[in-house]
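Paired with subunit B in one complex and with subunit C in the other, subunit A is shared by the two complexes that follow.
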Partner chain A sequence: MAQAQRGGSPGARRGRSLLARMEERTALFLLIPSFVILILIAFYPFGSVIWSSFTNARFASGEPTRYVGLDNYRRLLSVTIRELPVQRDASGAVVTKDGVKQYESWVRVLPRQPYRYRAVFEFGLLGKRFVVGAVSSAFVRAIWDTVVFTVIAVLFETILGLVIALTLSSNFPGRGGMRAAMLVPWAVITAVSARIWEWMLQPTRAGLFNTVLSYLGIGDGSINFFGQADLQLPSMIVMDVWKTTPFMALLLLAGLSVIPGELYEAAEVDGASRIRRFFTITLPLLSPTLAVALIFRTLDSLRVFDIFQIVLANQRFSMASYAQYLLIGQRELGMSSAASVVIFVLIFVFAVLYIRTLGVEKE
Partner chain B sequence: MSRRRSSLIGRILFWVLVVGILVYLMFPFYWAFISALKTQSELIRTPATLWPDSPTFVNFRSVFSNDRFLRALLNSTIVATSVTALSLVVGSFAGYALGKMRFRGKTPSLYVILAMTMFPQIAVLAGLYAVIRVLGLPPMPSMILSYMIFTLPFTVWVLTSFFRGLPVSLLQAAQVDGATMMQSFRLVLLPLTAPALVTTGLLAFIQAWNEYLFALTFTVINEKARTVPVAIALFTGQVSFQEPFGEIMAAAVVVTIPLVALVLIFQQRIVAGLTAGAVKG
Partner chain C sequence: MRRAIVALLVAAAVGSLAWAQVSITVAAGNVGQELALTKAAAQRYMDSHPGVTVNVLDTPDFVQDRLGVYLQVFEAKSSDVDVFQIDVIWPGDLAEHFIDLNQYVPKDVVDQHFPAIVKNNTVDGKLIGLPWFTDAGLLYYRTDLLQKYGFSGPPTTWDELQSMAKTIQDGERAAGNPDFWGFVWQGNAYEGLTCDALEWIKSSNGGTIISPDKVITINNQNAIDAVDRAAGWVGTISPPGVTSFGEEDARNMWQAGNAAFMRNWPYAYSLGNATDSAIQGKFDVSPLPAGPGGQPAATLGGWQLAVSKYSKHPDVAADVAMFLASPAEQKIRAIQGSFNPTVMSLYKDPQVLEAAPFFGSLYDVFINAVARPSTATAPNYNEVSTAFFNAVHDVLTGKENATDAMALLELDLQDITGFATGQP
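This part shows the complex of A and B:
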């Protein structure tokens, strides 16, 4: 459209110039409020976040703020991998416990200068044992957790969303009611759904899940979904999938509705099976919608905050909940800003990569 | 024969799937609702029961006499309504300019707006918090202003494409009749955009009603300004020894019902607004 406008002959353009100038002035006038607001609440604060990420700014501190260069980033992102030595007793023999080799604690191998490193996690490889250490083990862990959370949650949301969308795309009595029901989890306040799930996942049989699971013979009725480290992320994923699958399903349903029905009829006449029709018609034609939905959901999950902050509080963080904790809990304005910039860059890179690979921009 | 049987099995499986989906979507609400009807002693009794023994409204009654919760309801209503109104007014100006007018810098402006719709809130949190502290801005105006970061770009974007879709002939007719740009906006275009305004307004309202990150951060000191999500996240009973889940569930039901009603009434519009842009028809 912009091209077409520039295509006008110079004479015609000059002839309209008074009107055009008036139009231009009106347009700018109409845009001013939006841009003033965006400058005030987005561009200026973002600029100041970038600036303070290079300083040691703190709230309620007597210390003067000074420029510290990349110090905050170094503290947030320094990661190291060290091998853990086998634990030996006084005689030099390897210590074993129940037949398992014991290793030294990470405290002895991780560096303490210039910053003290803490363990993020340990892993075994080729018969050796390693520890991953970081200065901000909580932040590095938060990045890792958020990425794992995003990948698994979005995967489940896509599959479930597709199942729901395909179900609802066929004609059956009560279809309208189902579509309305789908909007309900989407509209519910995230804080409310977090509390409802928190209640269903109580660590006693007063909670729904422990009751049902104990009837099924799984667990002893006191599974601590939020306290046990290996159940924390799955619990968060279950909560997020419930809340956001309907959104995914709605988008996919809209995408399905624009696929022409004749294609299916033709395929059916040709004797293509249902599964074949899905893979040769539905999936390829749905892929642009699927791509957009994936981008929306992934970008959204990478900045997850509510459910982590409400349910896990300071036990375990997502990237965003850690940045907020640094700001409010620790009053570390500088560090929190640096964490925010890291999150921003991660999301930005992710968005660009995603859009490139899926080719949405071609539309 | 076998074909008919397999289609019967298919039909049964289909309905199992439909019912399964419905249960999955609605069960948490059912659970919240029946938990709100239970007495404190039944709530902590194990195993949990699927239906309250002696349903009681005591949790609802205490929620409605909880000043902090009522205050939060009022705060949320004020904040979400103001954000919606402000975004629609400011957004429709910008949408009109971007959708119907010619001027230099239009394409970059559109790109900026589109990029802003994906902007992560956490990236400005520290900066906004510092600005608010320096200015000494009270929490409610801070929330109203800062929520525009997610409602405004979206509103502008949707309204721009809506204005663009309106026929130019209408505008030209108005201009021939001697209307100025602003008159044709107010008298011709605005009435036509009413449906789009309703849709974007609803989505903005729901987003503002749900917002938690800014609300939590800006009301750390000022408890009186807390909105519903913060109040529910930090809910404590009148006399609290442990987390009063009966009351929390009652509060959850109370804040969910109006939202669900709103969504059900306007479901067509909301679906249209949510899927706009995601599908190239």
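This part shows the complex of A and C:
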């Protein structure tokens, strides 16, 4: 381009040659197929999801569709906090049970019009008791669960992935075999690995974990990993960590391999300890890779669907599996679209936050 | 003359071409031998109808996923699939996508099937699905253990079941099997729990969640007591893990010889009597027990054949459905795959009874099976069922007491359906 400008042709006006303009036109022409494909497979579907999120459309139904504005979003995201009054008996005395003050049920406190609020969770503060209610309590809980799942799972994956990557980057006999073995969990299809874990975590001694734990004296061989509310998320996290730590390790291994060995040699000559070398050489030089790996994993696990859908089905939802439930289970195409848009916005916010704080732009 | 012959030949060619173009696709299940049996039946149809090609489409095993596939076909108003194998709970929800089979199927053919299923498949006077095979909840019991602990027969009430299960469980554990439990069933939060809980409630005079005339009846003392009773089983006669059991989890424990009683569908019968089963020949089936003053109740399951409204050849598709659901075809399925026929006369057929003796002894159970409230709540049955099994699951896992859970459920069901509330 610059060449053409300097050389100039007699017909060139405003400093652009005919050739350059022809090249530009060719470039645009060559880009058309990509644009068309992008519009067809990305913009059009996404646009129609946004459009249907403003309607009351039902999936696979002949019922007429109506524009409802922000109604779906209101139903999905309305949250309220109310104080729970202390329970009093007929004489007005405070009811206590085992010395603990009893509170009224949230059913009497949360609003019922225009939509009914259901309790998401209760908490105590300054001697009072509050309840958080939402119209779509399942969706609000799904958002919370997914974020908790993502933060804890990605944290473990990063730490374990780093340990594995550091181990595999050192020289030892059988390193190639170890690297291949490490990748096995990542290579297994999630649907299959979820089933394998389902069997291992069976609530009877037919499951591996219950058998081993009961030999160790933990539990009575009937720990209900998927049925007990406080064990559901930890089980999901364990499954996800097992599956995606190899991916993390692989990315970090690639990052490690580009750190020049001379740096370590020089540091060793200077008498830096192994720990010092890790924190002054490895970690700073690995941080761009780490940032990219973190973004990949975080965004990926925020839209987690498969393991929740396969193992917990209708018991407990991730954001994505709840959107699927709205579509197939309740056939609320409008609501499901709105949920998808909310998921998109949330993931977008996470992506921007990451890129800003970790300085990936500069790299 | 020659011209006439040519004209005739041309007409014949065109005619056969038009015939050859009729291609019917059947969306069918693939659980166990299901798909192979359906394909064989399709071949028999093609042999007798040379102008028709019948393709059998394999669909996902998990019911909710299969519904997802079907809904996508309907959303696109696609003519790709002509005949659908639909669950007993779907006619109401999906009625708008199917033709009225009464136009094609003679009344005497319809009347060969169990009236309860035909009624379930009839929406606003339209016959949505032709019954194909049926299912009903049964009580499996260990004949050897009942004898060993001195019981003369299977329990007839839930309380009896509870005490028998406790006795056998204590005895077997003392005899050295720490993994032995009294009673296994389906307690996970899914459609299977709706089936189980409906049996507890209905057999205790607690109604059917929502009555056929669209009244929400779930919030009554009998229903509350029934759910409470079941919650009491968890951790006593049933393993704590039963709250995440599906059909196969229960069957695995049962078939390994680690349970005295099991609630399950008929399919577990032939598997339990297979040569690799630990309990081969040591068990039998009976109707489920009843609550105080109630009659035993078995939830109605099973699958129907429905013809898509978007089919290009609804008449041929209806004929294929009629063929597949005919007594002759159902007999083959009953003998080869122990699928319960929906044709009443087959329960007296000696060849069928030889292959599956309990078809005869439990005829009353199958004919009196209780339907889930899918027709009354259409098109919201799935939402109703989800609210119901989640409420029951909360009671089973101790998150909520039955009184509150049923009161909350009543509110939820009012929100979903807009029906009035009342007593069963």
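General observations
To be clear about the criterion, the second predicted complex is superposed on the first by the 321 of 363 C-alpha atoms of A that agree within 3 Å, B and C clash if a C-alpha of one lies under 4 Å from a C-alpha of the other, contacts with A are read in each partner's own complex, and residues count from 1 in each chain.
In this section, a residue touches a chain if its C-beta (ideal position, glycine included) is under 8 Å from a C-beta of that chain, and two chains touch if they have at least 3 such contacts.
The structure displayed is predicted, hence computed values, not measured ones.
Under the clash rule set out above, the superposition-derived model of subunit A with subunit B and subunit C contains a clash between the two partners. Here subunit B and subunit C are compared by how many residues of subunit A each touches, and B touches more.
Once chain A of one complex is fitted onto chain A of the other, the partner contacts of A:169 are absent, as it touches neither subunit B nor subunit C. Once the two complexes are overlaid on the shared chain, A:137 sits clear of subunit B and of subunit C alike. Once chain A of one complex is fitted onto chain A of the other, the partner contacts of A:314 are limited to subunit C, with no touch recorded for subunit B.
When both complexes are overlaid on chain A, the residue A:80 reaches neither subunit B nor subunit C.
Applying the stated contact rule after C-alpha superposition, one finds that A:102 touches neither subunit B nor subunit C.
When the shared chain is aligned, subunit C comes close enough to touch A:224, but subunit B does not. Once the two complexes are overlaid on the shared chain, A:205 sits against subunit B and subunit C alike.
Of the two partner chains placed around the shared chain by superposition, neither subunit B nor subunit C is touched by A:287. In the overlay built on the shared chain, the residue A:59 is in contact with subunit B and with subunit C. Residues common to the contacts of subunit A with subunit B and with subunit C across the two structures: 59, 202, 204-206, 221, 328. Every residue of subunit A that touches subunit C in the complex is listed here, in rising order: 59-62, 105, 107, 116, 202-206, 221-229, 313-315, 328-331. Within the complex formed with subunit B, the residues of subunit A that make contact are 2, 5, 20, 22-24, 26-28, 30-31, 33-34, 37-38, 40-42, 44-49, 52, 59, 163-164, 167, 170, 172, 174, 178-197, 199-200, 202, 204-208, 211, 214-215, 221, 242, 246-247, 250-251, 254-255, 258, 288-289, 292-293, 296, 299, 302-303, 305-306, 309-310, 319-320, 323-324, 327-328, 333, 336-337, 340-341, 343-344, 347, 351, 363. Every residue of subunit C that touches subunit A in the complex is listed here, in rising order: 64, 67-68, 70-72, 74-75, 96-97, 178-179, 187-190, 239-245, 249, 252-253, 256, 258, 379-380, 382-383, 386, 389-390, 393, 397, 399, 404, 407-408, 411, 415.
Residues 14, 17-18, 21-22, 24-26, 28-29, 31-32, 35, 43-48, 90-91, 93-94, 96-98, 101-104, 106-107, 109, 112-113, 116, 118-131, 133, 145-146, 148-149, 152-153, 156, 181-182, 206, 209-210, 212-213, 216-217, 220, 228-230, 232-233, 235, 245, 248-249, 252, 255-256, 259-260, 262-264, 267, 270-271, 274-275, 277-281 of subunit B touch subunit A in their complex.
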